[in-house]
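The first chain written gets the first letter, and so on, giving A, B, C, D and E; residue counts start at 1 in each chain.
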Amino acid sequence: MTGADGTPLIVAALLLPLAGAAIAFAMPRTTRWVGIATAVVLLAVVVMLCGAVGAGGELSHAVGGWGAPLGIALRVDGLSAAMLLTTAAVSLAVAAYGRSYFRDESAGPAGFTPLSMLLIAGLNALFVSGDLFNVYVTLEVLGLSAAALVARAGTPEALTGAMRYLLVTVAASLVYLLGVALLYHLTGTLDIRLVGARLESGAAAWSAVGLIGAAMLLKSAVFPLHFWLPPAHANAPAPVSALLSALVVKASLYVLLRVWLDVLPAARADFGAVVGALGCAAVLWGSTQALRQDQLKLLVAYSTVAQVGYLFIPFAFTSAAAAGTAWRGAVYLVLCHALAKTAMFMSVGNIQLFGGDRIGELDRVVQRLPLTMAAFAVAGITVAGLPPSGGFVAKWLILEAAVQEGRWFVSAVVLVGGLLASIYVFRVIGPAFTKGAQPRQPRRVPNAMEWVAFAVALATVLLGFFGMPLLELIDAGAPFGNALEPER
Amino acid sequence: MSALTLLLDALLAGTLVWVAARALAAAELVTGIALFIAFGLLMTIVWVRLSAPDVALAEAGIGTGLTGALLFAALARLRRAGAPDNRGENGDE
Amino acid sequence: MNATFLLPVLILLSSLVPGMIIFFLPEEWRTARTALNLFGAVLKVLLVGLVALGIASGEAYETRLPLVPGVDLALVIDPLAILLSVLSAVLWLVTTIYAVGYLEGSPDRSRFFGFFSICVTATVGVAMAGNLVTFLLFYELLTLSTYPLVVHRGTEVARRAGRAYLFYTLTGGVLLLAGIAWLYGIAGTLEFAPRGFLSELPADVHPELTAIFVLLIAGVGVKAALVPLHGWLPQAMVAPAPVSALLHAVAVVKAGAFGIVRIVQNVYGVEFSEELGVAGPLAAVASVTIVYGSLRALQQNDLKRRLAFSTVSQVSYIALGVAIAGPIASIGGLVHLVHQGIMKITLFFCAGNFAETLGVHKVDEMRGVGRRMPWTTGAFTVAACGMIGLPPLAGFVSKWYLGLGAAAVGDSWVILILIVSGLLNAGYFLPILYIAWFEAPPEPAEQTPRSGGRLETSWQLLLPPVATAALTLIVGLFAAAPWSPLRWVQLVASLGFAE
Amino acid sequence: MSDAHAAAGALAARALLWIVLAGAGAMLATAVLSLPEDGLGLADETLADLGRTGVEHPVTAVLMNYRAYDTLLEMAVLFLALVGVWSMAEARPRPTAPPGLVLQFLTQLLVPFLILFAGYLLWAGAHEPGGAFQAGAVLAAAGVLVTLSGAQLPSVPRALHRSLLLLGLVTFAAAGVAVQLGGGAFLEFPPSAAKALILAIEAAAGISIGLGLVAIFEGGRPSEPESAPR
Amino acid sequence: MTGAELYALTGIALFVIGLHGLIRYAHLMRKILALNVTGAGVFLVVAALAERGQDGTPDPVPQALVITGIVVAVAATGLALVLMLRVASATGRAELPDPRSE
C-alpha cells in the first residue's frame, strides 16, 4: 500500500508550508526570508514529485498505516500533480512579490507570510487527499486563511468582502459536509474511490451529489453564485488576490472534478449538462461584466469569473475521448490561468501602488511602468487565449473536444469568450501608448515587484510552446481515462 | 424502542428545533445568544441520548460554553463600538 | 540537431533575439540599437539566402516541436515559404535603415524597434508555417506585435486607428480559429500538402468544407484587406512611415495574401477548390476589391491614404491569380506578391520623405516636388509606373502572366478587370507625377534642416527608396534570369499543379 | 404606495425563501429516510484492530490513530484561526470594572479544579470518553474565567506563549515524521509505543487547544512591545 | 421511525433553519448564529445515523468526525466574530452592503 518512492515527497509537500507558517509565527523577525525559502524548497519537492508521478503513475500513501476504509489514503495522480505544481509555482511568485509588497508593514507574528503558508498547506493537503472528510477540513483551512488574508487590506470594502467571503465559504463547506454524511451512511466509508465503487444511484445518492455539487459551485463562484468573488478579489491586497484567483477558486473545481470522476453514479449526463451550461453562462456573463468595469482590479476579478466558467465547460461532454481531451485542456488552463492571473494582479498591484486604479487615468500611470504594462499585456494574451500563449493550447483542446462532439454552442461560447477577453485586455493596454500629465507625485514601485510580475507573465508564453511534457503529466495515472465511460 | 422513550425523544427534538428557530428570530440579540446557549445545552442532552459521550463533552465544553462566551464578549465589544445591534424581528433590510 | 532542423529556428531567432534585447536598451543607446538591428537584418538575409540555395539544390528544411497533442509547431521551408521570407528579410533590412533615419530624435525608439523585429519574426514565421495551427500562431503574433506600432505616435487618432485595427484583426483571428478547429475535427490533420489534403475526403462533408473555406478566407481576408474587411487599412496610415511601408505594404497585408495562397493551394488544392465551386466566388471578391480599391484611391487627397487604397486593390491581384484555375494565373498572382511588395514599399518611402522633408502630405501640395527632390520623385515615378503596369517594370510581368493565365482558362472577364484596373491605376498615379514634375513649386521653398548637405535629404531616407526603385527595374528587366522571383515562382507553381 | 409595494415584495421574497428551503429540506428528509437500515458503519473494523492502536476507547482511537491526519489538520485550523484573529485585531485592555465578589470567589474556587479536571480528562481519554479536545475545552474555560474576572494572566514572555500555542501542532507533526523515519507510513504509531506517543501528543494538544481558544477569546494579538528583545 | 432517524430529521430541520437564518437576517451576529445552528444540524445528521450499530455499540467514526467538526466550527466562529467587529468599526454598521449593488 505505501508507495515507497514518492511518499516522503507527499508528506514533505504537506508539512513544508506548515513548518514555514510555524517558524514565521514563532520567530516574527524571520518572516522576511522564511516565506521565499519555504516556497523554493516546496517547488523543488513538488517538481520531484511530478517526476515520480510522471514516471511511475499514481502514487498513494496510507497515512497511519491503516487501510483505506478506516484510515486516510493520500493519492497523487497526474491531476493532483498538475495542481500541486501550479500551487508551488504561484506561491513562489507570490512569496517573492509579497516580500516587497508588505515591506513597510511591521513584521508581527501574524502577517502575510504565516497566513499564506497555511493557505498553501491547505491547498497541498486538498490536492493529495483521497478522503471526503479530510477534504472538508482542508476546505475549511482554505476558507479561513483566504478570508483572513483578504481582510489584511484593512479598507472597509476589503473587510466587508472578507466577511461575505467567510460566511459563504463556511456555509458551503457545511453543505458539502452534509453531502459527505449521506455518502458515508450509504456506503460505510469515506475514501473517495471506495465510495465510488459501492455507490448505486438512488434518492440519497442523488441528493448527496447535488449537495456537494451546489457547495462546490458556490465556492467556485460559478455564474449565478459568483456575487461574493469580485468584491473579495478586487479589494484584497494584490498578492492575496493573486493567490485567490489563481488557486483557491480552482480548489473547489478540483473537488467537484474528483467527485465527478470517482463517485458520481452512472447517470451523469443531465448533471453534467447543467454544470456545463452554467460554465458557458459564466464565460459570457463574466466577460461582459469585465468590459463594463472602470476599476482595474474589478475588471481582473470579473475576468476570473469568466475564466472559471471555461473550466466547467468540460462537464457537458459525454463521450470518453472528447471529455478526456477537454479535461486535459481544462487542467492545463488551470495552470496557465493561474500564472496569467498572478501576473495580472501583480501588475495591477504595481499600478495601484504607483497611484491610480481607474482605467480612465491609466495613461498617466503607465509611461513610467513599462515592465508592469508588458506583464499585464503578456498575461492578457493568455487570458484571451491568443496563440503564442499557454491559454491558446488549453482553449484549442476544449475547442477540439467541442467540435468532436459537434457541440456548436460550446465552441461559439469558447470563441466569443476569447474575443471578449481580448477586448477588455486591450481596453487596459490601449492607454499604455498615450502620454498623460502626472497629477500627483507617484510613489516609486520597487523593481523587484515589476520583475516578478514580468517573469510570471513570460512563463505563460513559455507554457504556450513547451506544453507537451505538462500535458503528459496530467495524463499520468489516467485520472480521466478509466472513470469516464458514460454508462457504468 | 418503547413508545415512551420515542415520545421523550420527539419532545426533546421538538424543543431543540423550536429553540433554534426562536434564537435566530429573537427580537434582541442578547436573548438570541441566550437562546443559542440553551440550544447548545439541549444538543448536549441529545448527544447523551445518542450514546455519544465524547461528543456531548465536546459540545458542552466548546460548542456551548466557549462559543457562548465568545458571542457575549463580541456583543459587548459591538455595543462599545456603538454599532446598532438590536435588529429585531422586523429588521431584515 | 542537424542543420536542416536548426536553420528555420535560427532564421526566426535572428530577428527575435535582437528585438528582445532592444526592448531593454535605454533610449539614448542609439548606436548600439542601430548596430544590433542591422546585424539582425543582415544575418536574416544571409540565412534566408543560405536556405534558398539549399532548397534550390533539393534540401528539405523542417523543424517540429510538439505543441498540442496531435498538432505540432511545424516550420517547413518550401519554395513558397522562401518567397515571402526573402521578401521580408530584404525589405526589413532596407526599412530598418530608413526607420533609423526617419525616427531621428523621436521618443520611444527602443520600444518601436523591439516590436518592429517581433513583427518581422512573425511574418517570417507565417511564411515558414508547416500547418494551419503554426500559421495561426504567427498570424496572431503579427496582430499583437503590429498593434503597438500602429498606435506608436500615442495621439488620440492613432489610438482610434489601433482600436479599429484590433477589432478587425482579432475578429479575423477568431474566425480563422473557428475554421481551423472545425477543419481539424473533420480532416484530422492540418499539415500543408503540395496539392491540398482535402480532396480524398468523402463527398458528404463538402458543404461543411465550403463553410470552413468561407471562415478561413474571411479570417485571412481581414489582413489581405478583401473588400468588406479592409476598413482598418486606410485608418492605419496614421502610423509613422516606416510602419506603413513595411507593415501595410509588405508584412501584414502579405501575410493575409500568403494565407489565401496557402489555403487555396496547400489546404484545399487548386483543383479541389475548383471542384468545390469556391474558387469562382473568391475570384469575384478579389475582382470587386481590385476595382473598388482603385476607385476609392482616386478620391483620396491625402497621399498615404491614396497609397493605402492602392494596396487594397493590388493585394487582391494575388488572390485573383490564385483563384483562377491553372498554373500560369497563379504564377502571375504569386510573382505579384513579391513585385507589389517592392513597388509599394518604394512609394511609401517616398511619401515618408515628402512628409518629413517638405511637410507635404496632400497630393495637391506636391506641385514642383520633382525639382526640389529629384531623386525621391524619380524613385516614386519608377514605382508608380510599375504599379500601372508599364512594360519594363515588375508590375507588368505579374499582370502579363495574370492575363495569360485567364486567357488560357477562358476567363476573359479577368482580362477586362486587369485593363480597367490598369486604367484606374494610371488615373490616380499619373496626375501626381504630372504635378510633381511639370508644375512650378508654389513659392521658393527653403530646404528644411533635414538636408544631407548636397543630397536633398539625409542619406538614410534617400538610399532605401532609390534602392527599391532600382530593384523594381531589375526584377522587371531580368525577369527571365535564373535567380529572379519569376523563375522561383515557376518552380513553386510546378509543384502546385499535376503536370 | 411604494413602501407598501416594497413590503409586499419583501414578504414575497421571504415566502419564496421559505418555500425553496422547505422543499430542499423535504428532499433531504426523504433521502435520510431512504438510507439503508443495516447501518453500514465502520464500527466493527475499528473494534477489530483496537488492540493495535494502544488505546481502548474507540473514539479516541479513531481521533488519535486511525484518522490522526484529520486531527493534525484540525489542529492547523485552530492555529490558523488564532493567526487570523491576531492578524486582524489588537487585544484592547479590558475596561477594569472591579469584578463582583461572587465572580472573584467563584474563579478562585473553580480554576484549580478545572485544571485538575482537564488533567484527568487527558489521562482518561485512553479508556473512556475524554481526550485532548475535551481537556482543551475545560482548560479554555478556566482561562476565560480568569480573564473575565479581571485578574491578569501571569505575564508569560511573548515567545514562550507563542511556542506553547504551537506545541500541539509541532509535537503531532514531529511524532508523525519521527515514526515515518523509523520505517512505516506517516503517523503510523507502532503498537508498542502507541500508548505513550498518543498520550504525549494529547497532552501537548490539550495545552495548545486550551491556550489557543483563550487567545481567540481575547480577540486580538497581545499588544506590543515584544517581551525580551532577542 | 427509530430514535436515530428522528434525530437525523431534526438535524435536517436545523440545517434548513440555519440556512434560512443565514440568508434572511442582515445582522452579522445573527448570520454567525445561523452558521452555528446549520453546523449543529449537519453534525447531528452525521452522528445520529451512526447510533444503529449492530450489537448496540455506536460507530465511533462519525463521532470523531463531529468532534473535529465542532472544533473547526468554533475556530470559524471566533474568526468571524473578530472580523465582524472589524467590519463594524470600519463601516459603522454590523451588516453587509447589499451584494446586488455591485
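We take it that a contact is a pair of C-beta atoms (placed from the backbone, for glycine too) under 8 Å apart; a residue touches a chain by one contact, two chains touch by 3 or more.
The shown structure was predicted, so the numbers you read here are calculated from the model rather than taken from an experiment.
**Q** In the touch network of chains, how many steps separate subunit A from subunit B on the shortest route?
**A** Minimal hop count between subunit A and subunit B: 2.
**Q** Chains still linked by touching once subunit A is gone?
**A** Apart from subunit A, the chains cluster as B, D, E | C.
**Q** What chain is most central when centres are computed from CA atoms?
**A** That would be chain A.
**Q** Could you tell me the distance, in whole angstrom, between the mean C-alpha positions of subunit B and subunit E?
**A** 11
**Q** Using CA atom averages as chain centres, what separation in Å is found between subunit B and subunit D?
**A** 19
**Q** How many Å are there between the centre of subunit C and the centre of subunit D, using C-alpha atoms for each centre?
**A** Measuring from centre to centre gives 72 Å for this pair.
**Q** Mind checking the centre-to-centre distance between subunit A and subunit D? Centres are C-alpha means, answer in whole Å.
**A** Computed value for the inter-centroid distance: 29 Å.
**Q** Scan subunit B for residues touching two or more other chains and write them down.
**A** 52, 54, 58, 62, 66, 70, 73-74, 77, 92
**Q** Can you list the residues of subunit E that touch 2 or more other chains?
**A** 9, 13, 15, 19-20, 24, 45, 49-50, 58, 61-65, 67-68, 70-72, 74-76, 78-79, 81-86
**Q** For subunit D, jot down the residues that touch at least 2 other chains.
**A** Counting only residues that touch two or more other chains, subunit D contributes 14, 28, 32, 35, 39, 41-42, 46, 59, 66-67, 70, 74, 77, 80-81, 84, 88, 133, 213, 216-217, 219.
**Q** Return all touching chain pairs.
**A** The list of touching pairs comes to A-C, A-D, A-E, B-D, B-E, D-E.
**Q** Please output the residues of subunit B touching subunit D within their complex, sorted ascending.
**A** Per the stated touch rule, the residues are 52-54, 56-58, 60-62, 65-66, 69-70, 73-74, 77, 92.
**Q** Inside the complex, what are the residues of subunit A that reach subunit C?
**A** Checking each residue of subunit A against subunit C gives 325, 328, 370, 381, 386-388, 392-393, 396-397, 399-400, 402-404, 411, 415-416, 418-419, 422-423, 426, 430-431, 433-435, 465, 467-468, 471.
**Q** Taking the touch rule as given, give the residues of subunit A at its contact with subunit D in the complex, in rising order.
**A** Touching subunit D: residues 2, 7-8, 11, 15, 18-19, 21-22, 25-26, 29, 61-66, 69-72, 108-111, 114-115, 118, 121-122, 125, 131, 133-134, 137-138, 140-141, 144-145, 147-148, 151-152, 178, 182, 185-189, 202-204, 206-208, 211 of subunit A.
**Q** Hey, which residues of subunit D end up touching subunit A in the complex?
**A** Going through subunit D, the ones touching subunit A are 27-28, 30-32, 34-36, 39-42, 45-46, 49, 65-70, 73-74, 76-77, 79-81, 83-84, 86-88, 159, 162-163, 165-166, 169-170, 173, 176-177, 180, 184-189, 221, 230.
**Q** Can you list the subunit E residues touching subunit A in their complex?
**A** 15, 19, 22, 28, 31, 35, 38-39, 42, 45-46, 49-50, 61-62, 65, 68-69, 72, 75-76, 79-80, 83-84, 86-87, 90-91, 96-97, 99-100, 102
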